[in-house]
Every structure is written in structure tokens, then in C-alpha cells.
Amino acid sequence: MNKGRLEAFSDGVLAVIITIMVLEMKSPHEPSLAALRPLISVLLSYVLSFVYIGIYWNNHHHLLHATQRVNGATLWANLHLLFWLSLIPFTTAWMGENHFEAWPVAVYGMVLLLAGVAYFILTKALIKLHGRGSPLATSIGRDRKGQISIMIYAAAIPLAFARPWIAGAFYVLVAIMWLIPDPRIERTLAQ
Amino acid sequence: MNKGRLEAFSDGVLAVIITIMVLEMKSPHEPSLAALRPLISVLLSYVLSFVYIGIYWNNHHHLLHATQRVNGATLWANLHLLFWLSLIPFTTAWMGENHFEAWPVAVYGMVLLLAGVAYFILTKALIKLHGRGSPLATSIGRDRKGQISIMIYAAAIPLAFARPWIAGAFYVLVAIMWLIPDPRIERTLAQ
Amino acid sequence: MNKGRLEAFSDGVLAVIITIMVLEMKSPHEPSLAALRPLISVLLSYVLSFVYIGIYWNNHHHLLHATQRVNGATLWANLHLLFWLSLIPFTTAWMGENHFEAWPVAVYGMVLLLAGVAYFILTKALIKLHGRGSPLATSIGRDRKGQISIMIYAAAIPLAFARPWIAGAFYVLVAIMWLIPDPRIERTLAQ
Amino acid sequence: MNKGRLEAFSDGVLAVIITIMVLEMKSPHEPSLAALRPLISVLLSYVLSFVYIGIYWNNHHHLLHATQRVNGATLWANLHLLFWLSLIPFTTAWMGENHFEAWPVAVYGMVLLLAGVAYFILTKALIKLHGRGSPLATSIGRDRKGQISIMIYAAAIPLAFARPWIAGAFYVLVAIMWLIPDPRIERTLAQ
């Protein structure tokens, strides 16, 4: 089975997700600077989610690049990942509109956590298909970064109820960690 | 005529359908857990439709993979399928917002039924083009699964007026039946 | 310059146009059959526009298939066509919501007319680039169907103010005329 | 690393951006010509933004065509550009709904300015990757047009507070300047 359409479909879904989020930033009815002020938290929330979808697209790009073939299980593992990512516009809007209050921040983190787990499942499904000694398996290795991300999300969720901004800072931290391109896969591919 | 653009266009439409459905899950104006409660049926309805669009994408992927060429009739049979699938965001929103009441559940089933019929027509148009002895025709075979799905939808629609949850359970049943990847096409392709 | 990205971008825009139109069919807040009745004209209007976008995608597919290369002028002629097509969700919603009243029906026709003219300009730009004796030019020929469509739209627009349903019938007529696949290009390609 | 998916993802995002802008043109509830009048400034604003997204797609197409490979830095430079472009539907709606008042016109210009800077950064990242003597670097040259655009935006923003229409005229001027296809890249590619 060919990986081309899996990439095309994922690109399509991610492109729509990253773009429709901006629809939640409703244009104010008044032409004043003051009318933009309530949108600041919506914009911040949008920027964070834009970066996250960008990271997922980027990692997905790397992962599928190292992939030779796909099967039914990986198609569904990929759709499972897209499902959690498709909830990001909702959690982004809820968090932005409510100025980073406890519950929206916690739910935002839960969706990130579940997307992280879904990505982990996708890598496992791909490794199972290609074999443990395959270049794909070697390039992913132990995936410490993915595991650390999931741990940080898990820590951030309860923290959101005490200090939402700390949870928010944790999400930003994970994003920064991922913004640095993954040297493992690039190194292996270069060999 | 080339099948590449047919796949690309279908991927685009399915990617937009699967993603805009989430726009119906309006983010609540209050940052409390209670504010999420009315969205549970919207979310359930979204999950079901997400899985259905995923199944159609998956089957479409398999079907087109076994396809060698397309003509005017298959282009229109494909658009006809996309038309019924494009109504799924509407029926999903109606069913979710009205907590799985009789009419929305019945109309949801009617659209599934018509999409199922449209998929059947598409397979027939492709078999006609490739010939009865073609690998495509052999791989589809008698398409029992497709026929059973249509029968289950047809049974569910009247049941929705007596017990909507039974109709809903039937839709879930069909989805589970399809989640198992189609061994017929995979087997034939492997030969 | 490569035609691949022109096709990909056009497919993307057409896929979004055909799908976001359905967002205008707002799901009713009540779960009764009566609640669907006001949506009948919205649905009819959606079906007509879905078929039109399908026709444009189909013809665009044929046209680009016969195309060997593109240049700056054809890129802009193509964007000009996409611009008019992008207004179809707006005119569709206006016509559907207002139950096929005079002005919405007339404006719907104007956008169809301008899209028809834009398609004509695109074919001219492509013929100019490939030369009058090219297979593309031969396959398009005098494009009687395109010219007749434009004339029917031009006749329908004033008629919309007397009898909107006659104008609507004219739009359906053009759609039926185009549903029959274009034998000119197919014939030339087959040679 | 392959540039194909970067192009596909960018095409997807630009296709969604250019199309969802039209959702801001809400269809009026009355079927009269008078009901369309308040939409004139929304339509003008839409046309301007449609042309701008078209220009960016066109330039992006040329730029990536001359590109041989991409790396992590260029992927992120590209996402940075898409981020600013994704804000255009918002600024378009705000400017259109408020009939080209000072603040919306100024903010519209700021987003154009930042998108211009992001495009400049993208070209620098690509030149750095391909080397100063590469065909890509030669074809871009000193990029006077890009630099002039940024200067015009910077001049237009303060002017928006004195005479919004002058700022608007400046945006139209830049658009016209870019509508003429870029001879530099085409010339170099032709060699």
C-alpha cells in the first residue's frame, strides 16, 4: 500500500485545522484599538496551537519520510492522531475566549496529551510494520522527546487548577523543545 | 484519463468534511466543566461521523489503489458519493445538538444509506470500466459487506422512531464491521 | 513551469468551496421534520451549486490534462476563474435562504456568467501559450458549449426579474448540458 | 528532505485561507439589491486579499520551483510566512466590515508588512541552504521588489491614521507591482 495518499490526506486535514482556528478570532464590530484588546488571549492561544500543529506536521513529515510502506493499522493509527489534533481548534477557542482559566487550560493539555499518545502509537505501528532493525526504528530510537512531552503534559494538567499560567508555561516549554528539528531521523537518513 | 487528480480532489473534500464538522462544537462561553456537559452528545456524534469519514477515506483509498483508469462516468459517480458525504456535517450537528432524538437519528441514517448506495454505484462504474475479469472486479467480489451495511441502515431508519438508541447502536455496529480492513482487496493485490 | 502545483492548488480551492457551502445549511434547533422544511430551498440551491463546482472541476481536469505547460498569464487566468467560483457559496446561500427570489437568482446567474467568461479567458490563455495548431487548441475547437452557456446565463439574468423559476430552469439546463462529458477533448486525447 | 510535501501543505493552507475569507461575506437576509450595498466594502476588501494571497501563492510557486531541497529552518520559515498570511482573513473582515476606517486599515498593513518580512526571511533561509552562487540565489538577486513592498507598507501604516484611503491605494499599488510576473526567476530558469 502506498504512503502518498496518507501524506496527502494528513496534509489536507492539518492544513484545514491550522487555518480554521483563525475563524474563532471574530473580527470586532468597532474599528478601534480597544476593540482588539479582548482578542489578545485568543491570539496568544492561536499562536500556541499554530506552533503545535506546525510541530506535528513537521514531525509527521519526518516520520513518513522514513517510512517505506503503510497498512490498515497505520492508516487507523494516523486517523486516531488526526482525531485528537482536530479537537485543537475547539480547545484553543475555549482557552482563548476564557482568558486561560483553569478548566480550559486543563482540557487543552488533555487533548495535547492524547495527541502525544496517539503519535506514540503511530510510531509503534510503523516500527512493527518495518521491523525492529529497520532504518525507521533506528531513527526513532527510544523517542525520549515524545515520552518527556507526555510527562510534562501529565504534570501540567493538575497544575492548571492551581496556577493555570504554569500549565501554559509547560505547554510553551514542550513547543520550544520540539521547535529544534529532530537530529535523530535526519542523522540516520543522511547515512 | 489519470486517477491522480480524482484522488487528490477526493482527499481534499474528505479532509475538509472531517475537519469542518468540529466547527459545530461551539466552545462554551463559561470556563467550567459543567459548560462542557451539553457538548457530550455533540462530541459522540462527531466521533461517530469522524470514524465514518475515516472508513470512507480508507475504502476509497483501497478501491482507487486497485483502479487503473477513470472516465467521465466514474468521475461523476465519485462526485455523487462526495455529495452525500458532504451532508454528514449537517446531519452530525443536527443529531448531536438534539441529543439523538428520533428524526435527526433517522435522517442521519438516510444520508449514510444514500452514501452507501453511492459507493456501490461507484464500484459498479469502476468494474464496468475495467471489465468483469479484471483484478479490480475480483478484489471487490460480491461486496457482501457493502450490501449488509445498506440493509442495516435500512433497518435502523424506521427503528429510530421507536428507539433512537437502537438505530444509533446499528450505526456503531456498521462502523465496527468496517474498521476491520478489507482483506479481499489486500489479498488480491498481494498476489 | 510545472502544471502540477496549479492543479493541486485548484483542487484545494474547489474542494474547500464545494464543502464550505454546506456550512450555510445551519442545523435546526428542533428535532422535527417540520424544522427541515425551510431548508428545502437551501438544499436545492446547494445541490445546483455542488453540480456546478463538480462540472468546473471536471472540465478543469480535462483542460489541464491536455495542457503541457503553464506561464504567469495562465496562473492568473486560473486565479481569476477561482475568484468567481469562490463567490458561489455566497450567492448559493443568498438564493437558498430567500427561496429563489428575483435579485438573488439574478446575482447567482451573474456570478455563473462571470465564471463562464473567466473559463473562456483561461482556455484562450492556454491556447495562446500552446499555439493554434496544438492538440490542446484542436481539442477545445470553437468551444460552442462554453459560448452557449454564456448566452443562456445572459438570457436568464433579466428573466429572473419576471419569473425567477425560469432563470433557475435555465441554470439547471446548462448544468445538464455539461454533465455529458466533453467528447472533443477525450476524442483528441485518444488519438 | 523532499520539497513536495512543503508545497502540498502550503497549497492546502493557502487554498483554505483564500476560500474561508468569503465566509465573512454573510449573505443578507433580504432579497433586495439594497441589502447588498453594505457588503460593497467587504467585497472590495475580499478582492484585495484574494489578489494578495494569489500573489503569495504565485511567488511561492516560483520560489519553490527554483528550490532543490529544504531543511528544518526553511520548513519553519515557511510556517512563519503561513502564520501571517493566516491572519489575513481576520484583518480583511475587520477592514471590510468597518468600511476602511483608520485602525483596521493600519492593522491590515501591519499584517502585510509582517508577511512581507516573513517571505524575505524564507528567501534568505533558502539562499543560505543552497549557497550564494546557486541558481536560486542568482534568480532572487537583491529582491528589490520585496524590499520596496516592505517600505511602501511601512509608509502606508502611519498614513492610515491621516487618510485611510491613501494607505489603501498603497496596498493596491504593491499588488499591481507584483501582478506583473517576476522576470528574474523566469529568466534564470530559462537559461
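General observations
Letters A, B, C and D name the chains as they come in the text, with residue numbers starting at 1 for each one.
Keep in mind that, in the parts below, contacts are C-beta pairs under 8 Å (C-beta built on N, C-alpha and C of every residue); 3 or more make two chains touch, one makes a residue touch a chain.
Everything numeric in this text was worked out from a predicted model, so none of it was measured.
Of all residue numbers seen at the subunit B-subunit C contact, under half occur in both copies; the interface is built from largely non-matching residues.
Here the C-alpha atoms of subunit A line up with those of subunit B after a rotation of 90°, rounded in steps of 5. Remark: subunit A and subunit D have CA centroids separated by 26 Å (rounded to whole angstrom).
Subunit B and subunit D have Cα centroids separated by 37 Å. Multi-chain contact residues, meaning those touching two or more other chains, occur in subunit B at positions 8, 12, 15-16, 20, 23. For subunit A in complex with subunit B, the touching residues are 1-2, 5-6, 8-9, 12-13, 15-17, 20, 23-24, 71-73, 75-76, 79, 82-83, 86-87, 89-91, 93-94, 97-98, 101-104, 107. The touching residues of subunit A, counted against subunit D in their complex, run 7-8, 11-12, 14-16, 18-20, 22-23, 25, 27-33, 36, 47, 50, 54, 57-58, 61, 65, 179, 181, 186, 189.
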